[in-house]
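Read from first to last, the chains carry the letters A, B and C; within each, the first residue is number 1.
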Amino acid sequence: MTGRYIQKILVCCAVLLLACCVPAAAGIPGDTDGDTVVSEKELATAILDHLTAGRLSADELSLAAHNSLHLPYGQLVVAVAGDRYLIPATSYIDQKGVPADSLIYEGLVTKLRPKEGGPKEYLGWLAERWESSDDAMTWTFYLVRNAAWHDGTPFTSADVRFTYEYFRDHGNPDAPGAGAYLVNSAIFKNVASVECPDDYTVVFHMKSCAPLFPETLATGPGIAVFPAHIWRDIDLPSTYIDTAHIGTGPFAYGSTIPGTLSKVTAYEGYHGEKPYVREVVTKNYEDEDAQILALRRGDVDFISGEFGLSPRKAEALKDAPGIGICRIPSGGQAFEVAFTSDVYPATIPEFRRALSHAVNRERVCWLVGEGARPTETVFLLPALAGDQVNPATNGLFSYDIAEAKRQLARAGFNLTEENGRPVLLGPDGKPVEITIPLAGKASTNAVDQKIVAVLKEDWEGKLGIRIVETPQVDDSVYLDWIAKTAVHFDGMPGRWHEDIDRLDNFQRSPLGENYYHFDNETFNGLITELKSTADPDKREEIGFELQEILAEEVPCIPVFSQDAFMAYRSDRFVGWDAALLGGGGNIRLFSEIRPASAEVGLRA
Amino acid sequence: MTAMSDALLEVRGLKVGFPTPEGLVRASDTVDLEIYPRETLGLIGETGSGKTVLGMAILRLLQPNTIIEGEIRYRGRDLLSLPEAEMQRVRGREIGIVLQNSGTSLNPVYTVGTQIAEAVILHQGLSGPDARQRAVELLDAVGIPDPVRMAGEYPHRFSGGMRERALIATALACRPNLLIADEPTKGLDAVTKRGIVDLFSEIDRDHSVLFITHDIETAGDLATRVAVMYAGEIVEIGGAEEVLGDPAHPYTRGLLASLPERGMQPIPGSAPSLITLPSGCRFSPRCGCAVENCSREHPGLVEVGSGHYARCMLYD
Amino acid sequence: MNGIYLLKRLITSFAAFCIAVTIMFALLRLMPGDYITMYLEAIYRYAPPDVVEAFNHVYGLDRPILEQYVIYLLDAFRGNWGYSFIYKVPVLTVIGERLVWTLILLLPATILATLAGIGIGAYSGWRRGSKTDIALLNSMIIIRAIPSYWLALMILIIFAYYLNLFPLGGYVDTGALTTGIDPLDVANHAVLPVLTLFLFSVTGTYYLMRSSMLMTAGEDYITTARAKGLDELMILRKHALKNAMLPMVTLITFECAGMITGSIFVETIFSWPGLGMLTYKALAVRDLPLLQGILLIDTLFVIAANIAADLIYPLVDPRVQVGDDA
């Protein structure tokens, strides 16, 4: 009897010892090789471990099994900054098309973030593939065949046509029901008609050559397809309160508590790769510091501030246990010194060119702090625009005060001295003085003041340009101010710098003046040409040419772009970096994230 | 001046001082006086002579940081050393007071009846309705017309004279042995004033009265004895007829001379500051009869007639 | 108090409302910045002129100003306050929803702060110069001097984060998505914001009550009461408190009216979807219909508070007789 007991104890000890020798599993329970997938063999081992040694708890085993069978598991809690990022109990389809990160609605196609220096990439959502006629007057989309709306109704080409017609009919200011103006109707402006040869093919006939139609559909983040069977009977989209939110995306609408919480649930019938998490809960934290506390305490699994966390806050989170940080290159705002080209002295191209050599980017970045990277390009950012950046224009706006002086002298400016301080006299013989309005979009974290501090050292101290800073100008009159002043600062989201198509910012269009009051005939013509050019090589050529004109004419001087930071619970979910770097606005963002801790299953 | 054991109230060597940033205000300096049962003592003096302070000091109603020395013996008990709870039993029940400024001495948010009844309930343990009834009787007794209705009215519906009467009713509510009336006729027109004076002479008299006034005539009408105060001191005290008929102190004489029917000759100068008192006799700077010694030596009270004392060098 | 007076009061209030509404209409249109441009900036960088035009047309902003005014006035009275630009729902719906949450915080906070402020203010004033008074006064000055944003954040960090006693924000737990809103859960979420709001507003009531009590304590009728033989507590309770409270009526009624404006700091830090946050957002993006709606509601509350103060005064102060001289 005693002997058998001793034997048992010895076996137990041996098992325990063995268990200790097995390296502590990182990431998902049961996933011993760390590939974030629990293979059949790994699952079987895990089951045995659980049964014999109790090394994995029942909950952990359940998580391993869900992972192995690809069954959605657990709850992911995402913090958002502001109630407008929640899924509201009301419809906002009329405003924005696909709500960013709604996870519910899909369009035909979306655009992904390019690899640095790489080509543009599109991702089919409801369209499997697409093609255009040679003259880019007809676009044909071949739809996925297994998609269904969240209420079970099959998705067909009729839904796509309905979406177009709905925007066409309700998207004009005279449509019945004031307020029914649909901003996104502009997306379909160029479409003449839509035709459905069969349930899974849609043909768009365009009014004019539209080489970039998929790009238009996918931009920012794109237009959603509406379920015809629901919206068919709704005449006044502006007053319709949608409570079901029927889409085709990987997650279906669950429930909302107004102003604070909303929930989506993995959609079993999703036509693409099913998500690994069962529920995504969105929780509103208006204050960024509260978000950070919530992440640290484990109330939420993912935070991104409103426009990404500030570098300093991300840095502070870096060493917190169980927390990971993802850095998205140029994912934040990009800042530029902008000229108003019809205000003296910015009217003189040499003056603008001279100043482009008088911006000490390194110093600005040092002042602004970590996460700011100096720009080498004339407008597009390599991290976002990929291979569309013209390498020949890189580094043209280098910091070179001597060159700046040469340019000024060439344009008839005269650098003199007065009381030991440099004074720049303009071609008219009068001292040059420029007014810089502060505030506006560049005033976040007082970036505008930091830039002006650095510029003053060079512009005033070395080039003799007197700088007058205006006190903080209110947002509402900022536009009036910049129209009257030669130089101002601007900060804009990275997506304005991601595509050559965005260079139409500088075009003086038939609609009127642009932001910079910049007017270059060749440039205007090239933009018009670009818009009707389908051939990729030709487009690249035009894009390069446009950037060369910008380098020559300098309507603005890019200074730096900021990286965006996001933070997540690496102890609970894995697969973050790949998903986050994959591209913003992708509704499949959370589809690739996998639970790694049984506790996320318990809270659901 | 001899201490008489049958006095209702005896004040001995009372000194009252208010500390202020400018210095100590000696509002009352070594005051001795006694009030006998059923008598009316008139306390006369100009504004700021310390007579109100004296009245308040008796009931210990002065602010907490006041410095008080001396003795105030009421029926043999020293009020100054009484615990606060005991003192509360003296106030209202043993000694009633009609404060100056009848206009603001009634609480605006309670009816007059309630305010009178309050004291009755507290001291005599009467029930609400009984106390109410008593309040109406009291109002009637002090000559308020339609007392039942008026008991239910708020103070702002009362005229000045009626407020004064209501305050007297409040003070008399628990039949105190001593009534201190502080300038009850101040600020009233002649007719109303007459009414109040008549009221004092009419109300049935089981109690003594300390009648504080700056009005010599009123004091003459009501008081059996009179004390005159100047700069915190009693300068003359004695029977009303003696003091007012044959004043010994130059100040009293001056007061009498300033009456309208006696030629209205005001005393030259003004009362001294109670912080920096003149040396010697406090009245000497204004005194017509002052001699050299007056400003050097401080005179004591000297008996000038039977029970008639004056604080003056003339009688030394 | 009589019917005619009430009628008169209602008529003057109505006139006041009309004037306020007109001023509001003028001010909102005088405010610098173009609504449509600012609103569309969130979507476009430089809004295309045709879109701007279309928006102006849809919202009637291209009509003559007088016509806009008449339509606005009629709609204001009809309760047709339009649709919010940002939320895309009727203005009254948004405001109503937020008002509930604002009141859940502010009602208890204001009631507690008023009671506590009056209580300790009265005591402090009655015992002027005592150690308790000095201690109370100094702590109130310190609380008052702390920047509200910082105070709210500190309360959040200490009580929610470090001590882990309360949730970090919002008004319900994630569980509410499945089980529905549990009042107890809401109460648990409300503790810290209510505490913060309480600290913000208790000091004001305290100051006013203390100085009011200081004045009252020196009144002659307090001496009269003392002369009657009442003990100190009774004098404080019966005679001093009621009189010292009189100036508080205005403060309290207006604090109640001010409640609906909410508190931006507290609502931001505690992620509480109240009216303060809503106002701020509406202002930031120039959500004209929503702003108008909020201001109209504010006006109504202030007018109501005025009437309430008028009606309450005669109840507490017999000297004030409504209707007699009106």
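Here is the rule we go by: a contact is a pair of C-beta atoms (placed from the backbone, for glycine too) under 8 Å apart; a residue touches a chain by one contact, two chains touch by 3 or more.
Just so it is clear, the model here is predicted, and its values are computed rather than measured.
Taken together, the touching pairs link the chains end to end in a line with two free ends.
When the interfaces A-C and B-C are ranked by C-beta pairs in contact, the top one is A-C. Here the CA centre of subunit A is 89 Å from the CA centre of subunit B. The centroid of the Cα atoms in subunit A and the matching centroid in subunit C are 39 Å apart. Subunit B and subunit C, compared by their mean Cα positions, are separated by 53 Å.
Residues of subunit A found to touch two or more other chains are absent.
For subunit C in complex with subunit A, the touching residues are 31-34, 37-38, 40, 43, 45-46, 48-51, 53-55, 57-60, 83, 86-90, 97-98, 101, 153, 156-157, 160-161, 164, 167-172, 174, 176-178, 181, 267-271, 273, 277, 281, 286.
Taken together, the subunit B residues at the contact with subunit C in this complex read 56, 59, 61, 85, 88-93, 96-97, 99-101, 104-111, 115, 118-119, 122-123, 154, 156, 167, 170-171. Within the complex formed with subunit C, the subunit A residues making contact are 75, 77, 82-84, 88, 90-92, 94-96, 172-174, 178-181, 183, 186, 238-239, 241, 254-263, 281, 283-287, 289-290, 293-294, 296-297, 299, 474-477, 479, 492, 496, 505, 511-512, 514-515, 603.
Considering their complex, residues 219-221, 223-231, 239, 242-243, 246, 316-319 of subunit C touch subunit B.
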